[in-house]
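The two complexes that follow have subunit A in common; it is paired with subunit B in the first and with subunit C in the second.
Take a look at the complex of A and B:
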């Protein structure tokens, strides 16, 4: 069944590429969000391809289920700037995108060189990590990180509520 | 190319798209979308490195899970910040939310 892995990889890469281009280039923010969701599904497929199904489902649960809904709220709750339709971004020239490409070129090129040149020799895929062992690691070596992230989530939520209750100030 | 290299290149693609987006977007929400793209690339690279090298598998996978949790917290906070900025300054476009003249 090994020969099926490469077409599957190509399919997921296509999902990531199409979604990512949509997320970066779309004029409408709602369409950009749809592109982001497509990319998230592509990444979830890549997790499945690496036989990490727990992460794939967490990806769909957390990102597609929660984060994208949050971003949708952010789009809907901010007013359009100059009387345009809701969720539309002002037009940006090609110049800004070229600037972005120039900014991204150096880090991506250096990292790509490192990835291609320094990649270790091929290894057979390890057996799938069981959910039980994942849980053991979460309460063992990662116990502190686990607790800290719960504190961070609590702080973020409390901060968001506090910011949300702010009164409208006259300017 | 080994599978590890292929997965890392996919993660790099996400990083590059995110950088292009965060530089070229004009609204804060668009920049948030680009940040999520980059964070996804980070998670993908982490999991690929954990699954396809002799490293401890669970540590990498749980690291990616922690990245997802932080991304959720970050999105919550950024949503609140965008709302406050939009309420105070009347816009969430980066060029308009400057109070200084010049």
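Take a look at the complex of A and C:
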């Protein structure tokens, strides 16, 4: 089914771009979150194209199913009455727009430069990596990086607990 | 391409599978609503629906027509986009969840290598739909219902995953077909006998994940009117309803494939056994609903965090240990 790869690529690209634009341009925070979720779906599709279905499903399971829901929860708890208006009115000057466009285009330019400089001649679809070899890599050569990520998560969790206790103390 | 090539193409199979799944989902919705009303009737010593058709069998069809004919109302101050996105977001992923379910060795819409993961990933989207519904309705009951749905589903997803992981460890595969294949040598080869604790944990968590009573706090009608779907009329409500019943079939199918030997059984062909087992489990779910009173929210979370998660972790460790020693 190789002939489906190009339309699929276009579709996922469209999903990612539409989601990103939606997230940036939406007035209410919840709608922006919907844009983010659309983008996450698009990225999951890209993983599928790179024959990494495990990553794609994990992306949907963790980011769409859990992280976005937690963000939703945070929005609900912090702004229960209005739709969560983004930013103040004064922050929409021309200079800021120019700066924003530059900031958005810089990574694109760097990536484009890299692709033009070292463009691969052919992009064959790689065979799917087995789950067992993925696990062996995570516990073997990449064990240190894997563990460091857990340490970072632990630090974040401890920090969240600490902040929660700080706020509860009467001032 | 010749005709046979087109017919045997995987894409054709996928499209055919999707169409059949849609039919299956629709018909099952009708049957299950009728079944639930009959079961509750018999449990409460009354006949249940009786007037439309023999033994009221056409009642849910008539109800469906009524729901479709009703006017769709968007409440004032609601977020129109999110409000109508939610019911669609609730139903669509269910169809994908049916793709890897092994009704019999040849009868799988798409034999995905990571089928189990696919079902877990796409069934998680439902809670997002509930959130969007609760937020978009601009209604306090709906919002409280959505908040409850989130904390419940996030909590119960952990024991669910832990119990599924035990089977994955044991089989060494995340493909539902492979798991079903491993249990096709008679009653004693079913995973239920090896992993009884995992089955109990899975079934309790699945009841909570599908928002079924006694865990139906997101739509507790005595406190929240109707929870997250308070404001929905006509097919908006109908789609949520259909999604709930379809998720019941999905979790019962997964339970059947993981623990109850999938299509294994004497005399009848495989698919019949599969459907029979799924319906037996659904009957058990309905039985739960009309037997146990609704739990309090603290009881719900205590059951998960203090019992199911530690037990699930212990079970997973024991499984890993036994597998390692048996190597």
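Quick note on the criterion: the second predicted complex is superposed on the first by the 141 of 171 C-alpha atoms of A that agree within 3 Å, B and C clash if a C-alpha of one lies under 4 Å from a C-alpha of the other, contacts with A are read in each partner's own complex, and residues count from 1 in each chain.
Throughout what follows, contacts are C-beta pairs under 8 Å (C-beta built on N, C-alpha and C of every residue); 3 or more make two chains touch, one makes a residue touch a chain.
Remember, it's a predicted structure, so these values are computed and weren't measured experimentally.
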### Query
Putting subunit B and subunit C on the same copy of subunit A, do they fit or clash?
fit
### Message
Touch test for A:113: subunit B only (first), subunit C only (second), both, or neither?
### Response
neither
### Task
With the two complexes superposed on chain A, say which partner A:145 touches: subunit B (first), subunit C (second), both, or neither.
first
### Superposed model, subunit A: greater residue contact from subunit B or subunit C
B
### Task
Scan A:67 for contacts with subunit B and subunit C and give back first, second, both or neither.
first
### Query
Of the two partner chains, subunit B (first) and subunit C (second), which one does A:21 touch, if any: first, second, both, or neither?
first
### Query
When the two structures are overlaid on chain A, which partner does A:96 contact: first (subunit B), second (subunit C), both, or neither?
first
### Task
Once the two structures sit on chain A together, report how near the CA atoms of subunit B get to those of subunit C, whole Å.
14
### Summary
subunit A positions within both the subunit B interface and the subunit C interface are 54, 58, 66, 70, 73
### Task
Spell out the part of subunit B that touches subunit A in their complex, as residue ranges.
1-10, 12-30, 32-34, 36-37, 40, 43-44, 47-48, 51-54, 56-59, 61-62, 64-66, 68-84, 86-88, 90-93, 96
## Note on the structure
Interface with subunit C, subunit A side, in the complex: residues 1, 4, 28, 30-31, 34, 37, 53-54, 57-58, 60-61, 64-66, 68-70, 72-73, 76, 80, 83, 128, 131
### Query
Mind pulling up the subunit C residues that touch subunit A in the complex?
10-11, 79, 81-82, 85, 112-114, 117-118, 120-122, 124-125, 127-128, 131-132, 135, 143, 146-147, 150-151, 153-154, 157, 174
### Query
Which of the residues in subunit A end up touching subunit B in this complex?
5, 9, 12-13, 16-17, 20-21, 23-24, 29, 32-33, 36, 39-40, 43, 46-47, 50-52, 54-55, 58-59, 62-63, 66-67, 70-71, 73-75, 77-79, 81, 89-90, 92, 96-97, 99-101, 103-105, 107-108, 111-112, 115-116, 119-123, 125-126, 129, 133-134, 136-138, 141-142, 145-146, 149, 152-153, 155-157, 159-161, 163-164, 166, 168-169, 171
